[in-house]
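Both complexes below contain chain A, partnered by chain B and then by chain C.
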Partner chain A sequence: MATPAAAIDLDNPLRRTPRRVLPGFGLTLGYTMLYLSLLVLIPLSAVFIRSLGSGWGHFWDVVTDRRVLAALRLSFGASLMAASINIIFGLVVAWVLVRYPFPFKRLVDASVDLPFALPTAVAGIALTALYAPTGWLGARLLSLGVAVAFTPLGIIVALTFIGLPFVVRTLQPVLEDLDNEVEQAAATLGASGLQAFVRVILPALWPALLTGFALAFARAVGEYGSVIFIAGNMPMKSEIAPLLIVTKLEQYDYAGATAIAVVMLVASFAIMLAINALQHFALTRHGGR
Partner chain B sequence: MSAGRGYFWVALALIAVFTGPAARAAGVKLLNVSYDPTREFYEEYNKAFAAYWKSKTGDVVSINQSHGGSGKQARSVIDGLEADVVTLALAYDIDALATQGGLIPKNWQTRLPNNSTPYTSTIVFLVRKGNPKNIRDWGDLARPGIAVITPSPKTSGGARWNYLAAWAWALNQPGGNDASAEAFVKKLYHNVPVLDSGARGATVTFVERGIGDVLLAWENEAYLAIKELGPGKFDIIAPSLSIVAEPPVSVVDQNVDAHGTRKVAEEYLRYLYSAQGQEIVARHFYRPRDAAVAALHAAQFVNIPRLVTIDGVFGGWAKAQATHFADHGTFDRIYGQ
Partner chain C sequence: MAAAEHSGGIGPRLSRRLLIAVALTFLGLFLALPLLVVFVQALSKGIGSYLLAISDPMAWAAIKLTLTVAAIAVPCNLVFGVAAAWAIAKFEFRGKSTLITLIDLPFAVSPVIAGLVFILLFGSHGWFGGLLRAHHIRVVFAVPGIVLATVFVTFPFIARELIPVMQAQGKDDEETALSLGANGWQTFWRVTLPNIRWGLLYGVLLCNARAMGEFGAVSVVSGHVRGQTNTMPLHVEILYNEYNYTAAFAVASLLALLALLTLAGKSFLEWRQPELRRAQPVRDRTRRQIT
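So, the complex of A and B:
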């Protein structure tokens, strides 16, 4: 997404403010600020204000509670795992969809979007039915000694499911832009297949991979509907942070619920910033290609 | 994404409500904010009440329903959902309207007969057909090798009754005290393989997933599950002791005064206590308060030798909530906090 804009800047390194063909900077910026304020900034600042509704002491007690910490660790850990799995297998899926013709390709392509389209609760129930100890896959896996449903592994499965389209859909356009002449050129210069992939293709894909990772991760951290059925929800073991927020709300502890939300927000924001920095680094390093 | 879709349907429903023929007819509208399993009951009751109100006053009343988890529904009303009446799963959630929102007076539960609870239910066991694990009473639930399905009392209002019933049984054993009750409940919850967040989730886990040997359920939901999923798959077991689950009702004073609907809203709740209202109650497997109607339907309810109340054993909801379900309460202690 950021690639074309950055490429233009790099193409015109001397021109600080490029002449614009279409006017309207003031109007669009004004609209952007209003839109972002109404939809994002004001609701989020309400969360911050409410989290201190019962004072700093309560806020601190809530966010340092052992059970809350365990849930946060689980939510962020499982989300990072799921996003990592997705960048590997999402890349494979995107690669196959872009590079090779095969029967029913359109159908396969469309099915990638299903996790987007499905109500998350339906996804959760379907996954649980499949992976439960009595389910079709769950029974087989259990006989191999792997329990999926009602364990943290089940949470990772659900989060991987909902994150897949983010990675595939961010990679696809970039892969389409990447001519296979590039690999051929690498091959004529004596690179092996692995070398061509690692040294030529992967660097070009890094920014998109990171974007896909960030989107899948962000979606996973806040996910509730699909996880709640497969997680088992045992305190300290398989209880995700969004469930604890709901639990606090059930006790009308608005301050406690928003305190957990604030910690999640700040942590997510920090991770997103780090990913953006990495992306910037990847772009400046390989952007001049 | 699902929330967005939800709002879309809500918006569409509102458009339908405001442009439909009902809006043009001269009449009053009521919004009854209720919890999940009362959907079918209030559908039938609303029709009966509308007919009764028309014959009594000549006015047309149309009643809209909103259903969801009991706690979530209470929060919606506190946050501004303009409910005229609330009919929730436990008094604690209606108490919140008084303590958090100041929408109703603190003594709301004294305004209608029977603790403002026109119908009750109780906690029973749903087991697989033929009761293969021979589960007869609460003590069996703590046996090793028994898997018990019940939602988390932290997130499910209805499941708090399950927990309290187990506790009350343990207290009533010879030599029972708070410590022995906590030990028993701890053993019971160690037999719970999945803590679903709501009652419907737990029913799905037990019925569809086939997980667990016994489901702790409200009597009316146990009967509904059997009725809807076809008889012959499950048996209902009556324990020796259970708790009277009291889902109370209240007018939301601040809203009915703003809408000018106090009279019809109060009558809507009072009619629940009438013979006709109680008859509909019984048809939907809730236990009627009216002795005559109860006697008529006695055969459809399981016989539980001893029924206790939350006021009798736990000193009311505020106390039970603080002792058992608040953060670091007994339920949290069970899981090692």
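So, the complex of A and C:
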């Protein structure tokens, strides 16, 4: 490695030349911009330009169509529900992983990333097999009067699966950094466990909680593979917006598909900007301490 | 760590047990059971029909296509990731924070829209549709479209792992090598690359898992021609929709094995280099000093 060389160089009093600037700035930045433009920026702008091409009136007609509105409402509603479930259970999982020792902890910790690694189509058919009326869980739930597969509830289950790692992985580092002494001080001063949690820990966690929520929500809104198998895909009832885009494409209704895509892209970009702002806020707050 | 020894304050024994039970039940229901059901269903008719299902010529064609697509898409994004990380981590320039945000953009886009985008560009009614038809080139509903869609959805993976790794490395090693007379390429191959190898592997691993498993984007541009434009996830869907559940889960079990291998590799790399776990690109201009 270069360590001994560095020592020689730094000790060399004869070194007069100013620090050299590293080469390759123009090449790497140029390539980055070219590749980014060709593969992401220009293709994405095609969606916006195409939707302008068919006119505002047509765009409005598509977006306010009852079936489209129902699909958008379902996509955003189910994603909101799934992200909320993940906030609660993701916090418990992250807390337990950071604070408590228990057997097979490393294995459990690694398994949290399964939804990242497992292809969505596999997750989709597996969850459907589990929650179908004949499935291990589906049969039991059905005897309690709850149908999961082929209902909006199934969509929420799939989106919860997909979003879990976002919440846990956002919370874990923040919990690890959280100073133990503050809670202990709160406990010494007579705060109960719950009081210390609500008054001391939650205020420090909320930027991370919101970021995790937004990340899980953003992923869920656009999710397709894991949902379509378990959803039932009934128009107006269990048809998500990404599926409606695919349906319209299969009918060669490019203008319709593009209009829905624009609505979803604008929503996604807004969420992404919000996440960036949140992280910036959390960083500056953290740094200011 | 002190946190592990933590005993006072919050979490008397009972609530601790309760919380662990809640977490493990939740993970068991949402992660372990779905994974288990894949293998149980795949082997439900015995090992014979499992082997028959995965040795089917159509399954083989799908496996080959999936490997081919990943073999093109991952290196493309690897070269990009290294270039982007070099520019962002080693130099200061205006708009760096915006550039990092733009690189992350594909993560915010629904996979279905990622596919739609390439249909709008290269489909028969797309911007370049006429041009491609005149030269008898097929992009959409053919392998090039599948590769493009895969590159799009896996675009940020390697760059966003490498940027923080290179930022943490700084540029002292490279500057030393240059001052000792190495040229740019020598510096990159002999100094930078060994320094970032774990981060690079980490990014490649995650990128590859997504590239082989992508469903939505590929489904939109594939055209679903059996034996020709069917990747493994698409083949799973076709078999499933034909009520051929055992075969569908058999092919799915191969993808599940890939996921398990990815997780094992990820854990190994995180054990080698714990910083990889929490690596986040530094966006502001004043880089935090790493000692």
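The rule is simple: the second predicted complex is superposed on the first by the 224 of 289 C-alpha atoms of A that agree within 3 Å, B and C clash if a C-alpha of one lies under 4 Å from a C-alpha of the other, contacts with A are read in each partner's own complex, and residues count from 1 in each chain.
We adopt the following convention: a contact is a pair of C-beta atoms (placed from the backbone, for glycine too) under 8 Å apart; a residue touches a chain by one contact, two chains touch by 3 or more.
These numbers come from a predicted model, not from an experiment.
In the superposed pair of complexes, A:L205 makes contact with neither chain B nor chain C.
In the superposition on chain A, contact is made by A:T247 with chain B only, not with chain C.
Judged by the touch definition given at the top, the superposed model places A:A129 against both chain B and chain C.
Residue contacts after overlaying the shared chain place A:A78 against neither chain B nor chain C. In the superposed model, A:V112 lies in contact with chain C only, and not with chain B.
Judged by the touch definition given at the top, the superposed model places A:F197 against chain C, while chain B stays out of reach.
In the superposition on chain A, the chain among chain B and chain C reaching more residues of chain A is C.
Legend: residue contacts after superposition of the two complexes on their common chain; A:V263 is shown touching neither chain B nor chain C. In the overlay built on the shared chain, the residue A:F229 is in contact with chain B and with chain C.
In the superposition on chain A, contact of A:V167 is made with neither chain B nor chain C. Touching of chain A by both chain B and chain C, each in its own complex, is seen for residues 116, 119-121, 125, 129, 135, 225, 229, 243, 246, 249, 252. Across the interface of their complex, chain A is touched by residues 1-4, 6, 8-12, 15-16, 19-20, 22-24, 26-27, 29-35, 37-38, 41, 79-80, 83-84, 86-88, 90-91, 93, 99, 101-106, 108-113, 116-121, 123, 125, 127, 148, 151-152, 155, 171-180, 184, 187-188, 191, 194, 206, 209, 212-216, 219-220, 232-234, 236-237, 240, 245, 248-249, 252, 255-256, 258-260, 262-264, 266-267, 277-278, 280, 283-284 of chain C. Across the interface of their complex, chain A is touched by residues 1-2, 5, 69, 71-72, 74-75, 78, 96, 99-100, 152, 154-155, 157, 193-197, 201, 204, 208-211, 321, 325-327, 332, 335-337 of chain B.
Residues of chain A touching chain C in their complex: 1-2, 5-6, 9, 15, 17, 19-20, 22-25, 27-29, 31-32, 35-36, 39-41, 43-44, 46-47, 50, 89, 92-93, 95-102, 106, 108, 110-123, 125-127, 129-130, 135-137, 160-161, 164, 173, 176, 180, 183-184, 186-187, 193, 196-197, 201, 218, 221-225, 229, 242-243, 245-246, 249, 252, 254, 257-258, 261, 264-265, 268-269, 271-272, 276, 279-280, 283.
Interface residues of chain A, counted against chain B in their complex, comprise 65-67, 116, 119-121, 125, 128-129, 132-135, 150, 225, 228-229, 232-236, 243, 246-247, 249-253, 256.
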